[in-house]
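A, B, C, D, E and F are the chain letters, set down in written order, and residue numbers restart from 1 in every chain.
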């Protein structure tokens, strides 16, 4: 099993969710995060005090999937989250060793 | 060493924390997240515009533990977070290769 | 490739970012989290109802780096985030198997 | 005129099908009691003052009270509290013009000690030229101005109650309860405390007594007439109970209803176990500040005239609040180690409550004492006493409004004393046409206040209990546990307060 | 005097270089029309009432309207809405004293049916001793009080429009549009509806007719004079259209301008696809409550005197709002399954809009009917009708202000009827010096209202269309797609609303 | 009477044990200076106006100023700012009735040029029938109304100061400082600028001079008496300095105290290094709007009568604010590239400050000029000048209140000129009983203003420095670094602002 973690632009959430549903993935967890990268931020000015804000709002999506599905999932996210402009984000894949569904106690692939 | 990451219902936090303290785990990190899964969301209506909201508030708990403790920890969380109703959440276990306590520079199991 | 995940004190963010930039790391993702650990919390009182609040605001930083850079990165974060007082936080390192830059489709080390 | 009022009545009936049609007996209709025939004209200054005071009472309700309460609940219940307060204002305003004003401020015939009648239902017989009495001889205001001012009191009082069982009450149940409560508790209370014949009627009767001179028969007749005029008043008014702006009618009656309500409905899930900190003390502060500002309308406006006594009532309102703020703050600082914003704000409201019945009767130093006492005592009630008894009065409606109201009602009997800097108990008979301070005796004055307090506790306490039980049977008072967990905003109203 | 007003004029010109210099023809300058020579003195009560009413109208605009609107947009556009409303107030206040008041409330000579002139530009010829007429014979207020009251109306009206194209309009374009719109739409509308010679001028002329007695020539002359005095009024006033506080001038004219604006500027990116829930219904509730409170200034203040009619207008404002709140709430509850806070708040505003033209003309039961109708109908417009047509009127300026305004304007023609409890159409001629209710005939009364509605829809609709097109050509109405995505707060103002 | 006031005094003493007992010399007690014996009666309109103006000043303080300031600090310090402002109001209100009013507005005997005495301590000798003078001959208001109005000024002024050292001051230190500051700086300043014998006293003395006719001795006596009456005034009043509503007393004195305070207490940790953006510009906007609305109470209310001059003051307040809003907005737009909400709101406050001393003296065009100048100059101070000097005046108390106050105070000396559309310098002597505009000479007028500005800067600047040092020694001005990092809300008050 793997966890696919993606950093995306906030307004792409619905499209990514739909893409995942389209390939049969029906669970995911989303976190509001701030990203720092190549995409340039903006300047805010408050009564003469200027702040260069370089952290931009992003969403982090985490999807646990069975090993074999991982490429399909990565491709689905990458496709749906892409605008082609700087700051589109990243996808990272990690292994998970164990999974449990709290409600039923089912484990591993059954738990997803 | 492992990281146990659990997605739980928000009002279960205190119980999970107590269960962990009960088995000697005294550190954890909590993130507010939104979950999408089998649990159905709700509808919001604002002046005739209806929104089907499928992302529900959840908490993500991350606990780093020494390898041997992992089953105990998973069991403790699963026990405390369970209501038996849909949406109780998941637990995922990942390996970590290295840990550091910033204050002292202690590493690995000493750092937890 | 690795993900370095660090829990730090919120007001240390700018210093950590500068330290990372100093060693050539130009991307990271930040999440607001609440930490529970040795650092004691505080008491809040609202009209006679006393609440012992043990979760403290922290920031979680995630940086994906190429395998060889990992020690440099851990050292940089540990150095910049340190105050020497309890609650400074932890650093955890995990492996990632795969990385993608959504905008270009570049993968793995090129994607970072 | 007859035709027009028939049309009018028809229009109202049309709008509110069926309601009240049976209860209104046109035979009861009578010339407006409040206005004398060839009477004095309203002064634009007094009219402006009363109207703007009414606006201020609305301001203290929405957004004032709504925010004060709303900031203290958890995020997931914020909108439910706001909606409750807002819709209560809407509902009660309509009821008030249909029959509330009439029940409160007309003669109730045989039941006059307890309630008014229906002679001004649908505001029949009121028009822009009609006037209402004030507390000075020869000074009147437009009756519409009096109505809107009193209407705002009827709107805020039931809204105070919702704080006691916030975060778990069903919206439909609350609406039903409020309709019943204003009808059977509030309007009668207002009548019992505030309905009277007015200064000019008393002065006229008293002058007739004086004019009767040595003619025994004439004198007896005149004296009988005077007695009759004085008896044309609500029960508590006849007892001589003083309540300048609503200590009994508003605060004690709402406060005890709240206590009864939270006992009947039960504690919130997780009460005492889960953290339930206020979700936004900023909103609570805004609310407290608007309560303070708006309360000038409430207290000084209750003078019905813009004169030196209104200004006294305003100053008293200011300094009692200041004193209670400091009392709560410093007692808390001493007892708990830190002076809190919520403490300061709660103290302010406690002071406002306590000075309400005394506003135009006390002197500024008396008002300060009332504030100091209520700030300290209410703090003890909301922390120690409430915890000891373990009831879940979510927003301390009892600990602040009922306790503060009792302190104020009893204290009024003391600080009204001219010897203590008070304004004295008004006497309209001794020098007819002039308002002078009557003789003051400590025991009778205090006893009149105590009787009024006890009566209000019993009347509103028992009455509210019955009404809560009825509502519980009819629609159920409480939401299900699931809906309570989810939060009333989503469960009851389908909305979320914040999408930041 | 001449020298001083020259200096004054010079000072103004200096401050606002160049503007208007050409258009002001000093020859037009004339004695203030509003004040009679050896005329009545203002009463402090009326003066206080009108001044405080003006403050209340400002309160309903900032923070009231700003928050009501701001809470409904997404977080990223919050400050843009607040800034738009705040700066509109600033801009229009300056324009108003420069030429807005003069264009609205002086004689426009040959164009008098449509607009005023420049005789009071820079408030020339106004000083603290000058007075303005009210609606009662022999009652006046300081002209400065009248000016500030009317100024607040001019400030809020264009601010209403911004709701229609919130979240996408360019700030510079909006400012330019507002300057043009008040100049070419609002000031003429205000003149056409509210400019007249005043009660004393009519009474004097009517008395002269009566005094002329049997002398045919004198009578003819006096009658000609009376006709002339009556003709010294705006077009819609001459038609006999009733608009107590601005149903046509304010709400219909702003509402139709909003509809035109959102059609010209186009839908928001993602409209109908992305979730766009209100970011803070708490702010919307605060705004709605302050609108309710401030609207008393608007409606009762429009009576210009603190008397029984002002109190009637205040009560009407209260109960129409209560009724509309309940209507929207219950219709929504029935139709959608849940009663919402936003529904209650929207209903309240719909009721306030509908009662605006009727405030001093209806009786309380008539006001309740207006409220019930507007609460229900506006709900249908904002949900069903809007979705059916698919235009993106962000904050329902059309569905609430235009639709509610039309209901109110037409309804005024009905509920003004004395037989239905209304106050009647004022008649200053029949008994000169006394205000009596004139004869009422259904068809003419309704037709006068309908004509006024149609005229306003056409005038403001077409006029606004032209102005939007001009602004679009000059600076471009809409921000780029990127800036719209980023949010106007950062893109246009360089700030974020919250850093929690 | 004697007995009653003794009781009263006793009651006060009891409440506030020990305080002031020594300083009050009953021998000083005298008949209330402000009220003439068989004097004019207050008008309900004026009374209503002054009372409601007082409420408005409270509204502008809480929640107005509290939110304006609170929105600008970081989340972790939000409640500390709100608590400071709220509790300052409470503290000062109590001090004011104990000795503040007396020190400000009674004769100070030998020290009369600088301070009042204790003859009205505990509001002794004040009751609802007592009156206070206004600025018109023969017009009075209830003394209680005057007291509550002035009390609100005393409450807001020290609250302005807290902005300068927000986010680091210790709460206990602040309270102590405020008590000292109002006692030793504010009450004397109010006395020096606003204490005088009143129009009727001057008119009577002037009439006596006229009546003395050719009798040299009588004339000399009468003239001596007139001189004495005119000398019964505070120092700055005697200099002829004009300050309609508090440019020197309120804004310059608070502004310079703020600057001194932030220098004494030092910069915030991380100032200039860490990001410290405002945590909620929404709260700041609400605050700014309520300041604008409430300031009408401040400025127009200072006229003490509801007449044409009050209306003028209101209009001036409106347009100066509008002009300053635009000036800051456009200058910022030009200089920084974007027009910001915070800029608009800051400009509004700068305009309100600048028009304060001029409100009833300027004409509308003069007020616009004042607004334009202050909006522009204050922007430069808050951005460029402050950054250049590097002091950490957290919320720009100096840059807005002191700088704006100086612009207003000096500008008043110019725009008061009748030739420039101003209302002129009041002259009560030339035509006794009538208020006429006196002769205007540029240099003396401006010099009187400049002297007042310099005196205020020195008096409040040096005095505040001494008081800050005393407080620092006694309790320590600043929290520890750890507590500052944690935030004052948790560290000092044990609460968090938001739990969303």
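Definition applied: contacts are C-beta pairs under 8 Å (C-beta built on N, C-alpha and C of every residue); 3 or more make two chains touch, one makes a residue touch a chain.
Predicted model only: the values in this text are computed from it and were never measured.
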Item to check | Numbering shared by both copies at the chain B-chain A contact, with half separating same from different | outcome: different
Checklist entry - What is the distance, in whole Å, between the centres of chain D and chain E, each centre taken as the mean of its C-alpha atoms? => result 35
Item to check | chain A-chain D separation of Cα centroids, rounded to whole Å | outcome: 56
Next on the checklist: Quick check: how many Å separate the C-alpha centres of chain A and chain E?
Outcome noted: 50
Next on the checklist: Can you pull out the residues of chain B that are in contact with at least two other chains?
Outcome noted: 31, 44-46, 94-95
Next on the checklist: Residues of chain D that contact two or more other chains, please.
Outcome noted: 43-46, 48, 52, 275, 277-278, 286, 336, 338, 340, 342, 494-496, 498, 500
Item to check | Full enumeration of touching chain pairs | outcome: A-B, A-C, A-E, A-F, B-C, B-D, B-E, C-D, C-F, D-E, D-F, E-F
Checklist entry - Which bits of chain E are touching chain A when the two form their complex? => result 270, 273-275, 485-486, 490, 494-496
Next on the checklist: Residue numbers of chain E touching chain B in their complex, please.
Outcome noted: 72, 275-278, 336, 338, 340, 342-343, 346, 379, 382-384, 386-387, 396
Item to check | Sites on chain A touched by chain E in the complex | outcome: 11, 14, 42-46
Item to check | Complex interface listing, chain A residues touching chain C | outcome: 2, 6-8, 31-38, 54-55, 58, 60, 70, 74, 77-78, 81-95
Next on the checklist: Using the touch definition from the top, list the residues of chain E that touch chain D in their complex.
Outcome noted: 43-46, 48-49, 52, 56, 74-75, 277-282, 285-286, 288-290, 292-293, 296-297, 300, 305-312, 314-315, 318-319, 321-323, 325-326, 329, 336-342, 344-345, 348, 363-366, 368-369, 372, 418-421, 423, 498, 500
